Each structure stands twice: as C-alpha cells, then as structure tokens.
Amino acid sequence: MMLRPEILISMKRIEIVIEEEELDNLIELLRSADVRGYTVIKPAGGLGSRGERKPDEPFLKEDNAVVILACEEKQAERVIMTLRPKLKDFGGMCLVSDCQWVIGPAVSY
Amino acid sequence: MMLRPEILISMKRIEIVIEEEELDNLIELLRSADVRGYTVIKPAGGLGSRGERKPDEPFLKEDNAVVILACEEKQAERVIMTLRPKLKDFGGMCLVSDCQWVIGPAVSY
Amino acid sequence: MMLRPEILISMKRIEIVIEEEELDNLIELLRSADVRGYTVIKPAGGLGSRGERKPDEPFLKEDNAVVILACEEKQAERVIMTLRPKLKDFGGMCLVSDCQWVIGPAVSY
Amino acid sequence: MSVSSLLVPAILFFALGMFACVIKSDLKFPPDMHKMIVIYLLIGIGLHGGKALSSSNMGDALPAVWAALAFGIGLPIIAYIILRVIGKIDPLNAAAISAHYGSVSAGTYMTAVAFLGGIGVTYEAYPVIMLAIMESPAIMIGLVLAGYSRKIMGGAQKQDKGMYKHLLLEAFTNGSILLLFGSMAIGAVVSDTSYKKIEPFFETIFMGALCIFLADMGMEAGKRLSEFKTVGVFLVGFGIVMPLIGAFFGLLLGHYYLGYSVGGVTLVTVLAASCSYIAVPPAMRLAIPEANPSFYLTLSLGCTFPFNVVIGIPSYYAAAQYLAGQ
Amino acid sequence: MSVSSLLVPAILFFALGMFACVIKSDLKFPPDMHKMIVIYLLIGIGLHGGKALSSSNMGDALPAVWAALAFGIGLPIIAYIILRVIGKIDPLNAAAISAHYGSVSAGTYMTAVAFLGGIGVTYEAYPVIMLAIMESPAIMIGLVLAGYSRKIMGGAQKQDKGMYKHLLLEAFTNGSILLLFGSMAIGAVVSDTSYKKIEPFFETIFMGALCIFLADMGMEAGKRLSEFKTVGVFLVGFGIVMPLIGAFFGLLLGHYYLGYSVGGVTLVTVLAASCSYIAVPPAMRLAIPEANPSFYLTLSLGCTFPFNVVIGIPSYYAAAQYLAGQ
Amino acid sequence: MSVSSLLVPAILFFALGMFACVIKSDLKFPPDMHKMIVIYLLIGIGLHGGKALSSSNMGDALPAVWAALAFGIGLPIIAYIILRVIGKIDPLNAAAISAHYGSVSAGTYMTAVAFLGGIGVTYEAYPVIMLAIMESPAIMIGLVLAGYSRKIMGGAQKQDKGMYKHLLLEAFTNGSILLLFGSMAIGAVVSDTSYKKIEPFFETIFMGALCIFLADMGMEAGKRLSEFKTVGVFLVGFGIVMPLIGAFFGLLLGHYYLGYSVGGVTLVTVLAASCSYIAVPPAMRLAIPEANPSFYLTLSLGCTFPFNVVIGIPSYYAAAQYLAGQ
C-alpha cells in the first residue's frame, strides 16, 4: 500500500465464532484482557465439529455469535493467551490475521 | 507474531457473499468439497453488479448471505476449484486471505 | 497459494464498523468514491470509545453496521482518502487488509 | 359525500405514517412486523372472500374472472404504449413498470373495503376473486413485454429459458397469491360454526390491524417521495394518470359488464386503478434486471398507492354513485 | 363422524402450509412470528387451563398428575425398546428419539381443543395439567436412557456432571414450561372481573391465531418430508406406529383410570400420542450431541405431528366415543 | 383495599417475567415483539385518549397541560439537587438520571389504567394528554442540566450546537411521542361508526396484549437487578424515594389544583411518580455520552418501574382515596 504511516497502523484482527450462549463469558474474558473495542454479529449459523446450527430452525435454539476485534500485536498476544485455556470449552474457531487500522476514529483498541 | 507454532496454524480464510436464495446450493457445493466448518451470516445487504439489495426493503425480497470458512491451504484450493465453475451463476464475490487458526477448539476445518 | 493469476487477483479488503445512523452517509461517501460493490451487515453490537452497543437492548436504540468492501489497491487508496476526513465523525473503526478475489463473479469492484 | 368520509382511521394512519417520514421522525416499524401484518391481512381477506363466495352462486363469478383477465392483460399493454410513445421511456423500464399496473394492490383494496364499511355500503363477493387472480397474468404480460422489448432493442435474447420457467411457476406458487387463494378455499369449505371461532381474529380485529399496516405503508410511501427527482416529472405524472385510466375501464366493466352495485363497482374500479407492490416487484427484478427498481417502486408506492388511498377511493365511489344514478 | 369435522380451519391451514412447502412456494413466515405465536398460545392455553382448574376440585387433579408421570416415564421406555430391538437403531439415537415420545406437543393439544370445539364437545380441566407436566419427566428419562446407552456402548461416561445439573435445572426453568405453569397459576388466582378484561385477547381470538401457527407448522412439517429418505423406512413407520401405541395407553388410562368424558379421554389420548418439538429437542441436542437431530426432528415434525393432526385426532375421538359406548 | 386488587393479570405477568429472569430461565421474547407491542400500545392509548378528549371540554384540558409542564420541569430539578447534594453523584450522571424523572412511563400508566379497570374505578380523559406532553420537556431540561453541569465542571462547552438542535428536534419528532400524539388526533376526529370498527383491535384486546408487554418488562427489570451492586445503595434508594416525591406532588396537584376524581388523581400521581424508559434514555445517551447508561436504565427499569407497578399504584390509589375522604 502506498499510504503513509500517518494514515495506517499495522494491527491484528481477531475473529472468533462461538455459540451464542457463551458470548457473555467470552466478552467478560475479553474485558479481563483489557480489550477496549470489539464488534459482535449475531445470530450466525454454521457448521462445525458439533454439527449444523441454523438461526432459522426454531426447534433447536442453537445460534452462533461472531466477534471481531482489532488491536495491536502486543494486545493480540495477550488476548490470545487469555482466551487459549477456554477455547476448548467455547468450541467454534478463533482466527488471527494482519490488518491496518486507518487512523481517524477515536482510539478504541 | 511472536506466538509459537503450537499456538497458531497458518490457514486460508475464504469469504463468500451471494444472494440468499443460492445459499443452499453453495453449502451443498462446500460439503461436496468436504468442508467441515463454515459460518453463515444473513441477511446481509449490499451493492454489486446486479444493483442494490436491502433486507429492510420489504418489496423486492432480495438479501445476501455471507459465508466465512477457514481451512488449510490444500483444502482451500480444492474449495476454490469446486466453486469456480459455479461462481458466475452465484454472482457476488469470493475472497481468499491468509489467517492463523488459534489452536484450541475442536478441529473443524 | 499455488493458484495461478488467472484465478486470483490481489486486492484490498476494507472493513468499516460505524453506528447504524451514519450508514446512509457512509454509503453516499463510498458511492462518491465510485465504489461499485460493498456488503452491509446489520445490526451489529460492540464496544468502542463511546461505550457498549447492544441490538438486544430495546431502550437505547444503538446499533452498529458493518460494511465490507473489496477493491483494487488504487481504488482502496481513493476510498480511504475520501473517508478519512469523515472518520472522526463516524467513529467506529476502519480496517484494511490484503485479500485475493477469486475470478468468476461479474466484476463489481 | 362529506369530508368526514375521508376521516377513515385507516387513511388517517396512512397520513400519519407519511407525515412521520416527511418530518424525518425516527419512527420505524420492525421489518418483520410488516411481513406479519401482510400475512395476517391476506389470510383475513381470503377467508372473508371465501366465506362470501360460498354463499354466492359460483357460476356468477365467471364474468369477474374474465374482467380480471381483461384488466391483467389490457392495462399493462396500455401502460406500455403510453410509456413508450408519450414518455419515450426505454423499453425495458417501460415493460417493468407496465406489469405493475396490470396487477392490483391488496392494501388499496382493503382500504376501499374499510372506506365502504365506514359509510355503510355493501358490495358483491366477486371482486375478491379478481384480487386473487390479477397478480399472475400481470407477471406473465411483464415477461411478454420484456421479450418484445429485448427484440426491438435488437439485443440477443439473453433471457434463458430456465428463468422463464422459474417465473411462470413463481406466478402461481408465489406466497402471497397462495395465501390468498388458500384462505379463500378454506373460507369457502369450513362450516359456519367453525368460521365463527376464527372470525374474532380474522374479521373483528381486522380493521384495526389494517390501520397499523397503513401507517407502515405511509412511511414506505414517504420514503419514496424523496426519489421523485430521480424518477422525473413524466413518470410521477404517469403514476397519477395511469390509475385514472385504469379506473375508467374499471367503472365501465364494473357497471355495464358486471352490473354490480355501487359498492361492487367501487371495488372493481379500485382493482383496475391500483398497482402491485407485493408479487410483481420481485418478479420484475428477476425478469428484467436491467430495469431500475426505484422507478417502479417509486411509482407504485410513492405515487399510485397514496393517490388511490387518499383521493382515488372516494372519487371512484362518487363516480360509481353517479353511474348508478344515485 | 362426518368428513366435515376434518374441515376445522386449523387443520386446513396446516394442510395449506404443507402444500405451500410441497409445491416449493416462496411462502415463508418470519422466524420471530413463530416464536411470538408460540408465546401467545402457551399463555392462552395456560390462562384458560388455570381458570378452569380454579373452579374444579384440585384434589381430583391428582390422578391426572399420576397419569402424566406414567406417560412421561413409560412411553419413552417402550419407544426405546422398540427402536433398539426391532429397529436396531444405535443406542444414542434411540435414546434421543424416545425422550420425545414421553413428552407432548402443545400444538397437537390445541388442534384437538379446536377440533372438539368445532363439533361442540366439552372436556375436563385436568388434561392441561398433564400438558404442563409431561415435558420435564421426558427430558429426565432421556438423560437416563442416554446414560444407559453410553454404558452399554462401553464408552467412557463422557457426560460431565455439570451438564446433567444444567439439564435437570433446564427441565424446570425451560421458558415454555415456565410460561405454561405461570399462566396457569395466574389464570387460577385472578378474579373473574380481571379475567374478563384479558379474555378477548387470550381466548376470543385464540382459535384464529392458532390457524396461523398451524400454517407455519405445516411448512415446518413439509420441510421435513424431504428428509424421509435419510431417516429411512423403519423410522418413518415408527413415527406413525408410536403415536398409536401411545394412544392405546391414553385411551385406557383416560377412560378406565381417570374416568373422563369423551372429550377428556380424547385430550388424554392426544397427549399420550403426541411427541414434543418444543422443550425436548434442544435438551437432547445438548444431552446427546452424538445423536442426529434430523432423526428426531423429522420424526416429530414430519411424521407424528401431521399424522396426529390430520388422522390421529378424529380417530382418537372416534375411539373415545366407542369406549364410552356412544 | 383487598389483596385481590394486586392480583391484576398485568401485574402478575410482570412478576412472572421477573421471576423467569431471577431463576435464570431461558425464557426470552423476540426483541421485535417488544417493539411491536409498544407500537400497538401507544396507538391504543392514544386513540382511546383522543376519543375521550373529543367528548370532553378541550378548555378544561389546559390545567392538565400546565401540570404536565410543572412536573416535566420541576421534578428533574428536584431530582438533580437530591442526587448532587445528598448523593454526591457526579454532575453529568446526575443530569442524565434527573431527566428521566421528569418524564413518564407509558407502561406504568397503562398498568394503572388496568388496575383501575380491574376494580371498576373511572377517571378523567385529561391525564393521557399529560402522558403525551411530558417526554419532551424532560429531554430539554436534561439538556439544560447537562449544560449547567459542564459549566460547573469547568470543562469546555464541548457540546456542539448541531447536536442541541438535533435533540430539540428529536424531542418533537421522536417516534413514540409522534405515535401517541398522532393516534390521539386520529381518535379525536374519526366518527363513532369508524371508531367502532377499530375498537376491537385497539381496545377490546388491549388489556391482554398489555400482559405480554408487562411479562417482557418484567424480564427487562429482572436483568437490571444484577446491576444493583454497580449502581450502589444510594442510587437504588433514590430509585424508590424519587417516585414517592413525585407522587407527593402528583397527589397535591391532582387533588387540589386539577380537582380530579379518585381515578384521575391516581393517574396524575402515577405520571408524576413514574420515570421514562422510552424517549429519554436514547436522548440522554446522545446528549450526555459521558454518563453511564447502566445507571439510568437500572434506576428506571430495575427500581422505579417495578416499585411503581407492584407497590406504587395501589398505594397512590389508596392515598387518592384518603384525600377524597372516601
């Protein structure tokens, strides 16, 4: 990207998918790791090791929630280290990738 | 990232946006490519080559669905090769990017 | 990725989270930057510099919208330059990352 | 006809919704609420119609069917000619818009029923059949006009056959049409005792629920007002003149061919004057993706619907009275 | 019993929903609509039951409680044995399916109430207690059968205690059960004057709202028809035979042990013959994640529910009449 | 006043909702259901009020308007002083909380109407005007208090004028207020014949729908109970004492200034004692983003609303009776 560092900061993007019931626990955990910004999308459906989940299916009451958070690399490591012991219980998935934060909005990472 | 390979696995993240009506066909296709995990978010709106779609607009009944899936590179190639011949019909978009899977949840890729 | 350039094009993925009320303004801005494709997911919740937002909370009426758009690098710079002066007002976040567009669907970027 | 006949609650709620939109109020009904009320109203209208039909002579319904087909086929062709010849609208947009005017608006029909009820006028059972019938031919005529348009544009016949089949099927399996026909059939076969049990839900509270629906429609109409600029003066005018043309034929057929009472003629006129926003828009979106949806939605929701609801219905009623020599 | 008794609107709307699904109509009710109507119907049924109970002798309700527990515990065990011995179904799927047959379907119960109302038959106040009671023991028996299945499979007792506790709690804090019990309690304590004020909403329009619910259930049932292949002939057959076995015990207990009228025996039979799709499926999904949900949902929604609604209810009524010597 | 007057179904459903939340039941109403019932109830209350007003002397309504303004302006100032002087609450949170107490709770008002209806007490038509009026001044006083707070905090007047204009506009274009005023106007102008047609939906089934709303509010209140810790003892106490202070002024103005009947005084007292959770929270969120929403939402939904619904209403009624010397 030709854009200068006054415009973009290199950061990490963490994307977590878990069952909706665990969302409160996950958010509490994120807060305990001093996360200051995240985005939640729900309900989401999907397929995973525990079978299919469909928000349209009114009889099984199983949904997922997607949590996206952008933070600096140091903070990302901390978040991942905080999450790791619980990931087995949460199930779902947790992805990390590189991204660049466009400077402008109030700092919330 | 300073995290060790016991914690992170390099993987591909595929993100597909198509009209909701085609979702069942897409999922069947993904299953035929042995995909073992994906996440679906719907309804979504958007703009594309076929104009605007708004879930709030009750008169046109046009929505999109977003499908996100993480898998190993080999599997990603297979998925893309399976999808390719149908992408023209599906419309929308299909993006691939690099990501890292945080080890912990049951393997569903 | 072992896939050839006939199959994949290198592009940028821009991901914006703002409050739902500003969505129309954002989309107008994107259009003024000649964006020809984007995807909108709403409502979304989250935490940011202005506190928590929950679509489930019927008493505060505060939601976020997530906008994802894929475009070529040149166009991405243009989008970011168009957005920048308004990002402070919009709040939320704006991330840029690398991705690859799988050739097939009609060109809408 | 006094001013007070305009003060039907349903129409006032429509005005309230439009007002909310115009003053940019944050009033917003949940999108699912719209869908739910539409489902409820369609079933209610169907049951009521079916019940009325079951006590009418079914043979007498045939002229209504012919009239419905005449409207469904004739009005789009008239609309297409006007749009092409006078308006110089491009063929595909003209085709898409025209199809809407062959069809009907259940909301306008229900408002007319509320209007007649408010002034104590009775009507025949047959117009509801026309309501159920008219969506399908309009979609098919839309397909024909689109095919014709593509031919005169010299373009390749890009439309694949699969899509044609899909749309023909859709004209009959469409959820709203099915709901209307299905409830009509149910209303026709159930016993009076059974009907009595569901009457409180589908009839007694119907007019109140209609108010909420019309408040919502008022907001939808209001949203379209801002698109009058993009649509242009000619089309906005067309959105008001075309229902009058439809009404003209509606009055003629209703009075002379069908020979209905003042109430019945009013309903037939409303059907001919109204234009679809339920089944036809998504069908045209699919059949003629090149056409601009904001054209036909703005005309249908922003011009013709408000015009019919606020001005049309009482005028058509007055005209029907005049014809009947009252 | 004439054919016309089948023409209950609720049942016809169920058929309409199934038909819409079979012809692949795009008819779709918003998912929240389903949830809202279920909430409304459960409260309505509870209030009505509570009111009726408040004017009955509570001591006389005890036999109904015993019968409910007998069904809740006995029927799953019978179902499990049939599935294992005759069907050779694997233990965990057998356990999950069985649990559903110990429980009841509020939708079937309400359809039966509509059916009896349509032909003017009265019934006792007690069956509604059974309706409220029967979900919980079925969930617990499901847990026991799952534990037993895991043991005979020789697998490690993977189930952690936390989950057991969670599910036991769930059997009592389950939203639907709570709503039913809570409204029953409210119906029992409020004064007649107060009840009169809420009666129009919860009773007068109830039967109409039930029609919309059943149209929705018809679509849900229709969706499952396509999974008959994956489920297999034996299980589809089981989904029709098992309600008949339940009905057999329902008739016996209803007539000989409880001594109810024809209407009451019909309701008891319907409870015994019906199978849950509200509280048990999510509980089994959690308790026996190894079981395939499409098995129990297809059986419950695609076989047993339609069978009971369309064929079962009138047959059980006829059988109850026969037993009563009418 | 007997215990049975507490057994109003609406209040019992509120208790049921709270109970479900306290025992951590998975009972959950769809969020859209909440919005839809609020829309329905506001329209119903408006229509009913408008109809009642149309047959009252509009000149006599003026004192009610003055009383509403007095409450809307006076109560937040009293609340602010208490919070600042006694509670040592920081200025901005104090301002945000205070604004809520100048406004009213339509839910509490409707529960009071249900309560009076349940014991057969009549009331004047004017309190509904106060209900419609009181949200707007409260929002404006909130803005003034916020401005004052910012000044005494010595901070820069960060508030930009655009936002002030936006909020002033919002105080009048707010969806709920518009719906209430709009339906009041519609109720006032439509003919009796027309009104009769929509009465079954908006009046006859109103009290039942209110029960579902209150069950939902009970769950919302229950959710807030867990935040009593963070809010602290003083504020929780304030959430119970402040409605009593409001009630005191309500009784005085209702009885001595307005001279209403026992029913009317009860309603005026309820308005003065209640606190907003519809229009004010989002306005304060925007106007005073520094304030903690969980403070005012917990006070409004978790303390004051339950207190008023369960204890307040019957007490205010008893006090009104005492004043009237009955």
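The first chain written gets the first letter, and so on, giving A, B, C, D, E and F; residue counts start at 1 in each chain.
The working rule: a contact is a pair of C-beta atoms (placed from the backbone, for glycine too) under 8 Å apart; a residue touches a chain by one contact, two chains touch by 3 or more.
The model shown is predicted, which means the values in this text are computed figures rather than measured ones.
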Contact distance in steps, from chain D to chain F: 1
Partner chains shared by chain A and chain F (touch criterion as defined above): C, E
Chain separated most widely from chain C, comparing mean CA positions: E
Intercentroid distance (Cα basis), chain F paired with chain E, Å: 41
Distance from chain E to chain C - Cα centre to Cα centre, in angstrom: 47
Multi-chain contact sites of chain B, meaning residues that touch two or more partners: 41, 50, 61, 97-98
Per-residue overlap in chain F, given as positions that touch at least 2 other chains: 26, 32, 35, 200, 204-205
Pairs of chains, among all present, that meet the touch criterion: A-B, A-C, A-E, B-C, B-D, C-F, D-E, D-F, E-F
Residues on chain F engaged by chain E in the complex (per definition of touch): 4, 7-9, 12-13, 16, 19-20, 23-30, 32-33, 114, 117-118, 120, 200, 204-209, 211-212, 215
Partner chain B, residues of chain D touching it in the complex: 31, 34-35, 220, 277-278, 281-282, 285, 289, 293, 297, 301
Residues of chain C touching chain A in the complex: 12, 15, 17, 41, 44-50, 64, 66, 73, 76-77, 80, 83-84, 87-88, 90-98
Residue numbers on chain E that touch chain F, as the complex places them: 32, 35-36, 39-40, 43, 47, 170, 173-176, 178-179, 182-183, 186, 189-191, 193-195, 197-202, 204-205
Residues of chain B touching chain A in the complex: 1-3, 7-8, 11, 13, 27, 35-42, 68, 70, 97-109
